[in-house]
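Two complexes follow with chain A in common, the first pairing it with chain B and the second with chain C.
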Partner chain A sequence: MKAAVIVFPGSNCDRDIADALAKICGMQPHMVWHKDQDLPEGLDLIVLPGGFSHGDYLRSGAIAAQAPVMRAVKSRAEAGCAVLGICNGFQILTEAGLLPGGLMRNAGLKFICRDVWLKVDAADTIYTRSYGSDAVIRIPVAHHDGNYTADERTLDKLEAEGRIAFRYTDPEGNIADTANPNGSARSIAGVLSANRRILGLMPHPERLIDPIQGGTDGRPMFNSLMEAFA
Partner chain B sequence: MNPNDIQVTDDIVAEHGLTLAEYARVIELIGRKPNFTELGLFSAAWNEHCSYKSSKVWLKTLPTTGPKVIHGPGENAGVVDIGDGQAVVFKMESHNHPSYIEPFQGAATGVGGILRDVFTMGARPVANMNALRFGAPDHPRTRHLVAGVVAGIGGYGNCIGVPTIGGETNFHASYNGNCLVNAMTVGIVQTDRIFTSAATGIGNPVVYVGSKTGRDGIHGATMASNVFGEGTDEKRPTVQVGDPFTEKLLLEACLELMAEDAILSIQDMGAAGLTSSSVEMAAKGGLGIELDLDKVPTREAGMTSYELMLSESQERMLMILDPRRADRARAVFEKWGLDFAIIGKTTDTGRIVLRHQGRIDCDLPLGALADEAPLYNRPYETPPLPPAIAAFDKKVDPGQALLHLMGSPDLCSRRWIWEQYDHMVMADTIQRPGGDAGVVRIHGTTKGLAITTDVTPRYVAADAVTGGAQAVAEAFRNLCAVGAEPLAVTDCLNFGNPQNPQVMGQIVGAIQGIGDACRALDMPVVSGNVSLYNQTGELAIQPTPAIGAVGLLADIDRMATLGFKAADDVILLIGTTKGHMGQSLYLREIAAQEAGPPPPVDLAAERRHGEFVRGLIREGRLSAVHDCADGGLLVALAEMALAGDRGAEISTPLDEADKTAFLFGEDQARYLICAKPDFAEAVLAEAEAQHIPCTRLGRTTDRTGRLTIDGFRPISLAELRSAHEGWLPGFMAAKPQ
Partner chain C sequence: MKARIYIMPKSGVLDPQGKAIEGALAGLDFVGVSDVRQGKVIELTLSETDATRATAEIDAMCRKLLANPVMENFRIELIS
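Coming up: the complex of A and B.
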């Protein structure tokens, strides 16, 4: 397995995701600066990490989506390379047009950092296979702009094509407004591209991979990737 | 414009916060009248905030050394050895006055400033903490301040990507006109790559990096050295504006360059900006410094030398570089998109010379600025004793009293606050907010750092010496309660106007108490900050000497947490319970009295009990640990039950009349610990052998959701949780009256 993590100015989960890949997948990813034009050859996976790229002073992810490296990311994505965007990375993917929809300010208007429950809606992907269908997992979120939105047709299409990877639920896996931390449309926490190779999600699986962190529900995502690219 | 065309008059001297006697001293030191720019420099260097002129004689009495202390007070932050070639770097600092005027930016720049203090020394920040004090909940400004301060702290820490892992928050009417925002940062550095501020070498380039300089924050430190009166709101322009994104770039650029041998010395531009950084660096190095202010990157045209030197624009650093490495340094900062400008050089003159627009706008001896600030041994009196406790109803049902306390402003859950802080970024948080201490794993190791901030202002107000000692003792206890070995403390001393002898008496007493406790508990004071004039008119804040403490966990697998883990664990109480009700929250919240002496602090007992509990944790024999603090034993028990979502049954050893005092008294040096029954027997025997008071209180139960105390109606955990979790969100969501 060969992976790269893109580092934007203001990324702050780049080290965390690199550590998770090293710890679970046993590989050191290439750290690629946003101004680079090219990516290493033979990549299986590109990760856009969490953080506040360019301070998120414009719309979250909007400036990073225009970074020089993003042209290379898009062309690799078109060629089928897996692209994972977590939190700010998800925002960048929507701003770059690699995933549909957008992330608005949380419905409660405040930054939210806490564990949330998620149901794995699409278990047949390179990211989620190890979870099993309809698994309910606990993963932290930490964001101010995680309120997923898209027009109704897009949302219908995502559902019809099974491209909703995760939804916010209660601990029993039930969708409820009270279990939706940020007001996301249809409780969407993560979405997939049409070819199911690009995943964007607001929760941070890299933060719960070791019992000492309070849980290990983030681990199966990395196990899935490792199996996919073994 | 030449600022020195402005004539220095007595009025202008007074506006600069200098007394006429201090001004006469300036003239004596430099042998002439200062010009306007020079007066500005003296004002910045000699104000209370920068010079500690009212507190220094007392601060000198604090213990600041120890076998593990690498740098004590005097550097940007304290540095303590944690083994394996690493050291922990930490400091707590106040940003009170700006936060009251403009809470979001005031709090945000407070976090930014303390982060810079830590990474200036070469450390990567790994955790933030804070200690917040607000006015009474029914004061019209309180809600606005809580919302702004919390959003500001979160906005800065979340963006830069350093977890905020805990803190404390109190509400009291004495803070109605002066909230307190004390921010603490903890970082980790390689012991062979620690950077300090003393300039070295003659003719070396003085380099400015970071953000451009604007007109914000001019005289911020002087503003922070004054009592608030009418017109406080007009001081908004003295509050700085934070840019955490630029600080993140500055952090990464500095750490990248610090991995090489290019930086000879470095100092962040905090209070009094370019003045304090250039003066401190040159004076500490015994050198001189010459700056060409035309080279300073600015974001506004037409700034004068006076404004350039006194601006408190954020996210800036001053460095002395190895001239051979200057190009490499420039490349690093330009990669991160930051300004980099050589603005001067070190000299051997012992003077600071400022050139601007072809003129020399300032030429002063550094010693006069840095070392000759006036020192005051201000008159002080022991503040009056609090009123004696009046008779109160001791027959209140403990369940009802507990429900009330757990839902009171000072004891309710702070979840509404800490869920707005990213407390997990960096993926090393192993004890999240809500426990006795926040704990982060030392990255890439199996060791951990435990961090806590503590002070009980009502105790300090009632008896400053005891209150000062209690703040340190509670910090010690919180570290022991998670299993950490206490290393050292930072102090953030917040008081009113020191020119009031009673306030001065609080300062003197609290420092004495802190010193006593730090000596007895082997926790030297390695850094700190003093914030005086937290006063509006005649009303001073409750004395609030906040203690930030750091401890080391040798093995993170042997860490204790407070939640009950299983049914039928035995609950033991370590320490002696006399039922001390003076200054207790029960007395204040249930009996409506702020009265009596604070609980006595027995430092020898604190130490023995703390070491005993820590030893048990290290042996892996305890399933849960919590210290008894605000609210006493029953509150501690309830917090353990809520955290573990399990009930408990306890019996009280005293007769009925004293049960209130037993359950709610705030006697010190106590812990509640849980162990499996066979372990519990061994613990009791061992405690007896070591003469540690240890009492069997009862047992944990399954998820029946009740606390049961012998002879009383059971208390529902669901009701407790609802009261505990409900108050703060409810308060913040309510419309102002």
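Coming up: the complex of A and C.
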């Protein structure tokens, strides 16, 4: 397995994701600066990490989406390379047009930093296979702009094509407004591209991979990736 | 050529900031206020002097970067 983590000015989860890839997948990812034009050859996975790239100026992820390296990320994505965007990485993927929809200010206007419950809606992907269908997991979120929005037609299409990877739920796996932390349309926490190789999600699986962090519900995502690219 | 660009959340897209402002106005006893929306204004100066070409250039800027068409509309105003 060969991976790269893109580092933007203001990324702050780049080392967490590198650590998760090292500890679980047993590989050291290439750290690629946003101004680089090229990516290493033969990558299986590109990660856009969490953080506050460019201080969230204009819109979260809007400036990073135009970074020089993003041209290479787009061409690799088109060639079928897996791309994982976590939190700010998800915002960047939507701003870059690699995933549909957008992420607006949280409905409650507050920055939310706590664990949330998620249901694995699509378990047939390189990211989620190890969870199993309908698994309910606990993963932290830490964002101000996580309110997923798209027009009704796009939302219907995502549902029909099974491209909603994760939804916010209560601890029993029930979808409810009270279990939706940020007002996301249809409780969407993560979406997939049409070829199911690109995943964007607001929660941070890389922050819960070791019991010392208070849980290990993030680990199966990295186990899934390791199996996919073994 | 100076221009001003107004970027607003699309109608139909929930604008939580607008809603919060509306609530605060009601709290200050301003009655009969509704449909509060919050957007942003960007001003810039172009070396282009032709109005049609300037508008086309700013339109491209809005589509590529300044606005997100998923959730925002924009309006271009040429000032001088």
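For this structure, a couple of remarks:
By definition in this document, the second predicted complex is superposed on the first by the 230 of 230 C-alpha atoms of A that agree within 3 Å, B and C clash if a C-alpha of one lies under 4 Å from a C-alpha of the other, contacts with A are read in each partner's own complex, and residues count from 1 in each chain.
Just so it is clear, a residue touches a chain if its C-beta (ideal position, glycine included) is under 8 Å from a C-beta of that chain, and two chains touch if they have at least 3 such contacts.
Owing to the predicted nature of the structure, the values given are computational and were not obtained by experimental measurement.
Contacts of A:12 after superposition on the shared chain: chain B is touched, whereas chain C is not. Applying the stated contact rule after C-alpha superposition, one finds that A:142 touches chain B and leaves chain C untouched. Of the two partner chains placed by the overlay, only chain B lies in contact with A:56; chain C stays clear of it. By the touch criterion stated above, A:112 is placed in contact with chain B alone, chain C being left untouched. In the overlay built on the shared chain, the residue A:150 is in contact with chain C alone; chain B does not reach it.
Overlap of the chain B and chain C interfaces on chain A comprises no residues.
Chain B meets chain A in the complex at residues 151, 154-155, 158-161, 243-246, 248-249, 336-337, 418-427, 429-430, 432, 441, 556-557. Of all residues in chain C, only 9, 13-14, 16-17, 20, 64-66, 68, 70-71 touch chain A in the complex they form. Chain A meets chain C in the complex at residues 58-59, 62-63, 66, 94-95, 100-102, 104-109, 147, 149-151, 183.
Chain contact summary for the complex, chain A toward chain B: residues 9-10, 12-13, 15-16, 19-20, 50-52, 54-57, 110-114, 140, 142, 144, 204, 206-207, 209, 212-214.
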